[in-house]
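These are the structures, in structure tokens.
You will see chain A twice below: alongside chain B first, and alongside chain C after that.
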Partner chain A sequence: MAGADGDDSLYPIAVLIDELRNEDVQLRLNSIKKLSTIALALGVERTRTELLPFLTDTIYDEDEVLLALAEQLGNFTMLVGGPEYVHCLLPPLESLATVEETVVRDKAVESLRKISQEHSPVDLEVHFEPLVKRLASGDWFTSRTSACGLFSVCYPRVSSTVKAEIRQHFRTLCSDDTPMVRRAAASKLGEFAKVLELEYVKTDIIPLFTALASDEQDSVRLLAVEACVSIATLLPQEDLETLVMPTLRQAAEDKSWRVRYMVADKFSELQKAVGPEITKNDLVPAFQNLLKDCEAEVRAAAANKVKEFCENLPEDNREQIIMSHILPCVKELVSDTNQHVKSALASVIMGLSTILGKDNTIEHLLPLFLTQLKDECPEVRLNIISNLDCVNEVIGIRQLSQSLLPAIVELAEDAKWRVRLAIIEYMPLLAGQLGVEFFDEKLNTLCMAWLIDHVYAIREAATSNLTKLVEKFGAEWAQNTIVPKVLGMANDPNYLHRMTTLFCINALSEACGQEITTKQMLPVVLKMSNDQVANVRFNVAKSLQKIGPVLDSNALQTEVKPVLEKLASDSDMDVKYFAQEAIS
Partner chain B sequence: MEGEDQGSPIFIRFDSIVKGTDGPGEPRGDERGLGVEGLQAPSTPAASRLVQCNEPDAPVAELHDLFCKKLQQCCVLFDFLDCVADLKGKEIKRAALNELVESVATSRGVLIEPLYPEAIKMISVNIFRTLPPSENPEFDPEEDEPTLEASWPHLQLVYEFFLRFLESPDFQPSMAKRYIDQKFVLQLLELFDSEDPREREYLKTILHRVYGKLLGLRAYIRKQINNIFLRFIYETEHFNGVAELLEILGSIINGFALPLKAEHKQFLVRVLIPLHTAKSLSIFHAQLAYCVVQFMEKDATVTEYIIRGLLKYWPKTCTQKEVMFLGEIEEILDVIEPSQFIRIQEPLFKQIAACISSPHFQVAERALYFWNNEYILSLIEENCQVILPLVFATLYRVSKEHWNQTIVSLIYNVLKTFMEMNSKLFDDLTASYKVEKQKEMKRERERTDLWRGLEEYQERRMQMLTEAARNQRNLQERGERGDPLNPSSPQTAQSDQPEPKPSGASTGAGESAT
Partner chain C sequence: MGLALLVGISATFREPDHLTRITQKNRPGGDMQWCFSQVKGAIDDDVAEADIISTVEFNHTGELLATGDKGGRVVIFQQEVEIKSRFVSQNKNLPQFRSEYNVYSTFQSHEPEFDYLKSLEIEEKINKIRWLPQKNAAQFLLSTNDKTIKLWKISERDKRPEGYNLKEEDGRYRDPNTITSLRCLKVAFLLQVPVLIPMDLMVEASPRRVFSNAHTYHINSVSVNSDNETYLSADDLRINLWNLEITDRSFSVPIGDQNRNSCDIFSCCITPCCWRSLTARSSDIVDIKPANMEELTEVITAAEFHPHQCNTFVYSSSKGTIRLCDMRVSALCDKHSKLFEEPENPSNRSFFSEIISSISDVKFSHNGRYIMTRDYLSVKIWDLNMENRPVETYQVHEYLRSKLCSLYENDCIFDKFECCWNGNDSVVMTGSYNNFFRIFERGQRRDATLEASRENSKPLQVLKPRKVCTGGKRKKDEISVDSLDFNKKILHTAWHPQDNIIAVATTNNLYIFQDKVN
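== the complex of A and B ==
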């Protein structure tokens, strides 16, 4: 029945609709995901008159199918005949925007927002805006929730009468009976404020903002904090004090920790939005309180912002504010009872040194770093070590190295392998900052010990760590310090350790160069081809394949090839396979 | 550390409060002893006198005054995170609460109107608080130990007092409703998220009493429970008190008047059924299934909504939940009306067939157990003509393929039952099994062909569209530059005409390709 001439009635619609109605959900889902193919086969005319009505009618389906449908329809403009027909897509999307499942609804709203841009201003008023109004006054909360996300996309492009209606609808939803709708409205408040004229921001948005910020449910109040950032950005400085600050102050002291957490979490954005003057007078004390909050969750969120907050303070009296207001709180947090708080602080505290300069760092911050380096919680120590570079720039790492070493050693031997893994990853960075001498003296043994760790992930990380070290310190250093030890492991009684030798050789050969590879590594590899354990033997084959490109052709022909041929006739199937792979 | 700083203004020393209640001019004894003694000395005779308060000469006013003062004293909060802080004060408050519980439970005539606001205030101050963040963010109620409420020694007594207060024969709903209002109930409902099961147990009983006694709040309570559930289902997936709230609802549903109001049906379809999608279903499934069955027993016409709803939300990957769903289906079938059964048998038995062919033997086993239920078996027998063709192919295939011997023998039993029910139909189906299989394969081939054709067609259309777009673009460019048409980047594509660069093709065709 297939024709080639692009005729619009190529396939009978019944056949295609049968596919969309298949009893098997999976098949139905597959068909919906290829809805564009079906629409293309039907042509724009029949897609509009037959396919879309069918889709609108059969909206009761599995949520997964509906999700796929909602997504597809957002990209359907061309398939219904371009922007002048785009409004045909509204009925099915309207139904999808009212279903219970949040994921489906959100996707429908996303698609509606997308196609709203493809509407002409006239179509927007004739077709789109009435849809928004219908959703906004729907019976069940789901449609009203969806409406909240659509106001801001149509507002800028409609006439002022319609604009007034839209504002009215938004106001109504902000004081909706159900908290679900109020949450949706609160979360879109900032976005909506951005498209409003400034006078309406003051007369409409501010009262809504104030009301939502003192809602009976904390889940609504905390969303108002997010909106606060956008609203404060929109208003001129002189209005902030009267219109926004009372609400923000109240939020920072809200009785629910969730709201205070939100303030702490958004603190940097809030700080930028309200500007330096208000920051100095209001936000500094508020921030101090959050750092001292009775809920650990809030303290941790605030601790995370310490560096950013200090960085963004007005420069003229930044140092004074930090030294007299922030630092005392930070000092207390260093010995907080909650490890998440300490670890949040440890991840940013080093950044303060660049802001405060050398002398202050040595006098005030260094003792804190040292305390945190000795913290009982490994995550705290790790966070300090991972940010050493900031301090290095200001005071040099030597100041710390005496305390650093025991901390590193302890982390290197931590019982949790993820902690060991994390410290290995900082080794190349540390090596660069501490220098080759210090490294050889203190850290080299650790790096070698990791090679025989009982967790494979650690051995693997240790191997790639060696490669990075060689890249940093050069081939000569490798030849003197690492290679002999690595090759020595080839005689270890544990076959896993012998394999580690091979893995190291794989990783190091390129960085070490042809000379070392041919003269020192190759003989060891070749010797291991006689190992009793098959795993070692086939890894020999793999290694030879890997280091082949580094070797000269002479060695390849005279030494490597015979060994591989021997392995190719090994009694073990896997050894044979990998030897053959290597030969070819 | 900062608990100390904040502590001092909030946690006023208890004995200083007690001192404050003494008349200003009265002589004070030993500074230390006064608090304890001052509180207890008058209370002991009071409690004994309360019992006999129907004596005409009992100084009732004095008792009320004392009761009221104690309520006010119990509004002082203590820091229980610091377990050694202010031990003496804590002990005094505990004793006072005990006395309040005792007197509200055993004596008549204590609850006079002026005490209602004081009692509700004391309860509010003590129980309403923002619940702390869970110490374990991935708290799994099935696996982990809950974090218990530190202030329980006091909190329990406050709850106990509240409960006795509500249950007291003197309790007057008409007076209470002024103080136990919507805002109060909303805060009470939020506490159901407490991780402490002891607290939720008290809340359950208390809310039930409130629902029972304060008729004006009923609709509001139902609406707020709806909101909590909807938020749980669609927003947070976290709320500790779902099981407790469902338990209350179970008895509320039991009391619904017939015919069911639209509001109640909506609650069933839009809240109770979607609750089945929750990840933590196992924690409250028993209570949920009870509610669902209650609805059916009230009004059989909701059966179809329920079954179709469950089928819509049938678990796709979680076999543990699938077993729970099957259990609930059996509970439903146990009480289903035959006329309703006929309406849903087709989709239902398709799902049961799918369960029987599950590679997880517990799912298959649970489904096959339906045939051991006599009532269900009788329903199946009555509708054998419809049901057998739905499940036959699955039974036949799985009996030959399943890895688990128990399942295989269960299936043989089921097949045997069917054979005895209707041997003619059984033989027909056996005979046509292979033909049906072949028909199915043919349909499958047709589908593949159809899609291949469609996709080839799409490819051709896309090419045409890209070409059209390119031509238009070239025309435009030519117009702008005044150049003659000159294909600038010939490509090796199948078409004999050069195609535009990928970036130029996006105008129309790129959209529909996604």
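== the complex of A and C ==
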């Protein structure tokens, strides 16, 4: 390559241009990503007259190339001569907005939205708006779906006649034959409503919203739920009841579980959008129903929202609503038949304690926590354990420790290693909450047992867990409780366990400090250099390399170096290699 | 195996005497007459295994016709449009006939594979082809073998770029002077931007998505949903739902669920927001695998989406039942909304009853009101509103009932015949043995047995109805049951979505017939 000749040589540019049509996708992609360099070299005029026409026709290319192209063109305004010429970018983006690949179309639309801002109001009407119309009335649904995302950017900046046309086009797309287009229109409904004048929101958007919300395809109806949030925020409170609520009520009781799922999933947003009064009268019963839905997916989605919903209830009678309406449903969910529902609930239920305060938590929530801690499904138990900190703040963890311990022990010995792995990750958190005394008494043995687990991933996690514990409890604690046990494993008949000793030393040396490392760990490591298993020996070399920085130079010279030199002449190739690595 | 394509011979319409033939008056009485149009494929009797046609499917306009074969190839034929318009414009009085189908694109869709974990060979045979509704100038289809579904794009290209800076069009590097001047002179006009110039039309097929690793058993059906966003695929024990945009190849299984045999797996496969963002993997919507495989009594034989209602699909079973499921009700459709089943006639009960009641194909009518099923001996039409018996039953080859024993011995009894509707749901078609195929006109209660054979392959020759003699005395023109050739079977047929054009696959030949037009 000629890059070395200097920055202003044309040769690299010529190569880039040639590679626009190279057979190798990677090279084409590379060229497209440097399109600005090419355009800069060609100058604005040739970019407009030669480069852009060529790019307009390259829609045959691979998706990733087209995606990069669509992205590049969004930042091309200056390269075609500034806002005055920005409309030259429309033809290539228009053809990209019709390709079958959704990601490419979306990127083209994103770029079109970006450059629409750089159009002058006149250019917007002369060049941009006609493009939107062409796309909106295209033969294939790909172009019509792309049009849906462009209305909202040009609407605020055009004359009122054009505005009327745009509204008309949007109306047409909302009743398009293909569900793809109706879905696109439904998903942009909220965004479009935001730029419309309030009177048109009422006269245009509401009927469209109502129609889409009762579309025959549930995939369209569920998107109307999302639009509901934005529309509700736009309307004055007094109109909500008549214009939005009938549709929302209908969605919450839709025949299709996917629509109800969507309502449950968007519940917090809906709650904020409609305000406290409607929440109290309408959403509370709706939420109760969703928590009791016959489809587990819906219950799980609603269960996920329990905490947020309760938090956002109007404060004056929040406690009363929770206690009399929400908590009874929550109690039922604790013994739901579906484990996903239970585990969704378990991930948020602890958060209720801060809302309800100490007394209510002890009286009403604690029994639920305890039930969930004994749940047959490990995920449920894990979710409770991972959120212990919320309860700790309110009632202190001691209340739970009686039940906590068996739950932890059971998870720690679960037959599935992923479960064991998950509980290990919570150990530092638990240690922090429970305190060193409780930990030493009850949990330390577990942490040690993981070091000799038969799954490597567990042993590995157990090692890094030890590091975190030492960071929490300090070097002295480590010296007394952990280090002796770890070092004891150096004599284990199983070489995997002997290696675990080395891994622990690697992880602990820094946290334990120079003294412990030199006095207690180093001798063990050095002794293991005579191990009969080569894997252990080369891990000795690796360990020495790792702990080297912690040791003082005296120990390095007199103890470590001779051992490494001996290992460097080992009969095993790998041992030799790592010893040499360590020496250098 | 070579790429011996299905291009073989094809009758041509262009000779004048054929034109006179089609001007002949239609026979009075109005019943449909079929005449030969084209045959594709090699003529010799020696059939290569790879050339056996395994599926036939028209696209939504009928302009394209795709076939898949045991060699993993897909051949697409396109209806020539110019001929039709030329005749119409030249002479309005000339009868209008459809133009013929010519090869448009051929590509290798699937290759033979080997599953090293299970020590199983995976055949390249194309089990099903389904066209997607057209979304832009290109065409898309799904093709599947036993395990893997692929989304193919078939697109046309009529321009190619021209002009390099550093080399000639043929790839030779330019003389060093040009390159030197590019290096030294810093004038931008030396740079050349490629231009696109017209070229001969080129049709390209490119794989866009691969949907794999979701089926333990053999995929028997693929069906695209009317929401244009999802499709289903069915194997013996499970129906999966896919998003056309997303292929992620692995199931994400939450902790604690590594053994995919517990019941809760179904709900976790389809867990939250699978419909919106996470449809990364396919989701099981039906799973009939019992915990203990010895309790297995029934397998899924075919499945299809309702043509308009995106939430409804049906699947048929080896026990002769059809279940209709509504995906709105719950995420896992293990409870059907409707069960279509006809009580067995005890007088017909025999050792073979269960085998011959197994449904080999299920198809919704275009209007979505009826379901057609094919079992070994009959075609049944069910009204969605009546579950206890079919509204119509047509015997395809009742004369075989006495021969079931020998058909069992030569395994023919397990043949999977498909069936199809005509464009306005008034006629149905299905295949039989001896290269016979059957057409049933529903309103008229009329039926015909026709034969796809080389003897009838003169252009626009009217197909003579064939008759199989069942009694003792054989009349002239009748063929006796004993002389039927069971190696010649028509399993796959397709009907043009609007016109009376049918495609019938014999072993390695594709016959196209059309009605004798007025």
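In the analysis below, the second predicted complex is superposed on the first by the 532 of 584 C-alpha atoms of A that agree within 3 Å, B and C clash if a C-alpha of one lies under 4 Å from a C-alpha of the other, contacts with A are read in each partner's own complex, and residues count from 1 in each chain.
In the analysis below, a contact is a pair of C-beta atoms (placed from the backbone, for glycine too) under 8 Å apart; a residue touches a chain by one contact, two chains touch by 3 or more.
This one's a predicted model, so the numbers in the text were calculated from it and none came from an experiment.
Enquirer: Of the two partner chains, chain B (first) and chain C (second), which one does A:Lys416 touch, if any: first, second, both, or neither?
Expert: In the superposition, A:Lys416 touches chain C alone.
Enquirer: Identify the partner contact of A:Val44: answer first if only chain B is touched, second if only chain C is, both if each is, neither if none is.
Expert: Neither partner.
Enquirer: Quick one: is A:Leu79 in contact with chain B, with chain C, with both, or with neither? Answer first, second, both or neither.
Expert: After superposing on A, A:Leu79 lies in contact with chain B but is clear of chain C.
Enquirer: Could you say whether A:Leu370 touches chain B, chain C, both of them, or neither, answering first, second, both or neither?
Expert: In the superposition, A:Leu370 contacts neither chain B nor chain C.
Enquirer: Quick check for you: in the superposed arrangement, does A:Arg258 touch first (chain B), second (chain C), both or neither?
Expert: A:Arg258 sits against chain B and chain C alike.
Enquirer: Tell me which partner A:Gln339 touches in the superposition: chain B (first), chain C (second), both or neither.
Expert: second
Enquirer: Is A:Asp57 touching anything from chain B or chain C once the two structures are fitted on A? First, second, both or neither.
Expert: second
Enquirer: Between chain B (first) and chain C (second), which does A:Ser36 come into contact with in this model arrangement: first, second, both, or neither?
Expert: In the superposition, A:Ser36 contacts chain B only.
Enquirer: If you tally the residues of chain A touched by each partner, is the higher count for chain B or for chain C?
Expert: The partner that reaches more residues of chain A in the superposed model: C.
Enquirer: Looking at the overlay, what does A:Ala534 touch: chain B (first), chain C (second), both, or neither?
Expert: neither
Enquirer: Between chain B and chain C, which residues of chain A are contacted by each of them?
Expert: Shared contact residues on chain A (touching chain B in one complex, chain C in the other): 2, 10-11, 15, 41, 100, 102, 140-141, 178-180, 183, 216, 218-219, 255-258, 294-297.
Enquirer: Write out the stretch or stretches of chain B touching chain A in their complex.
Expert: Listed in rising order, the residues of chain B that touch chain A are 1-3, 5-6, 130, 132-133, 183, 186, 227, 230-231, 234-235, 270, 274, 312, 350, 447, 450-451, 453-458, 460-461, 464, 508-509, 511-514.
Enquirer: Inside the complex, what are the residues of chain A that reach chain B?
Expert: 1-2, 4, 6, 10-11, 15, 19, 23, 27, 34, 36-41, 62, 75-79, 82, 100-102, 140-141, 178-180, 183, 216, 218-219, 255-258, 292, 294-297, 332, 335-337
Enquirer: Which residues of chain A touch chain C in the complex?
Expert: By the definition above, chain A touches chain C via 2, 5, 8-11, 13-15, 17-18, 20-21, 41-43, 46, 50-51, 53-54, 57-58, 60, 98-100, 102, 140-143, 178-180, 183, 216-219, 222, 255-258, 261-262, 265, 294-297, 300-301, 338-340, 377-379, 416, 418-419, 422.
Enquirer: Which part of chain C faces chain A closely enough to touch in the complex?
Expert: 133-138, 140, 153, 155, 157, 159, 161, 164-167, 179, 182-188, 190-196, 208, 226-229, 245, 254-256, 258, 264, 267-268, 270-273, 275-276, 308-311, 327-331
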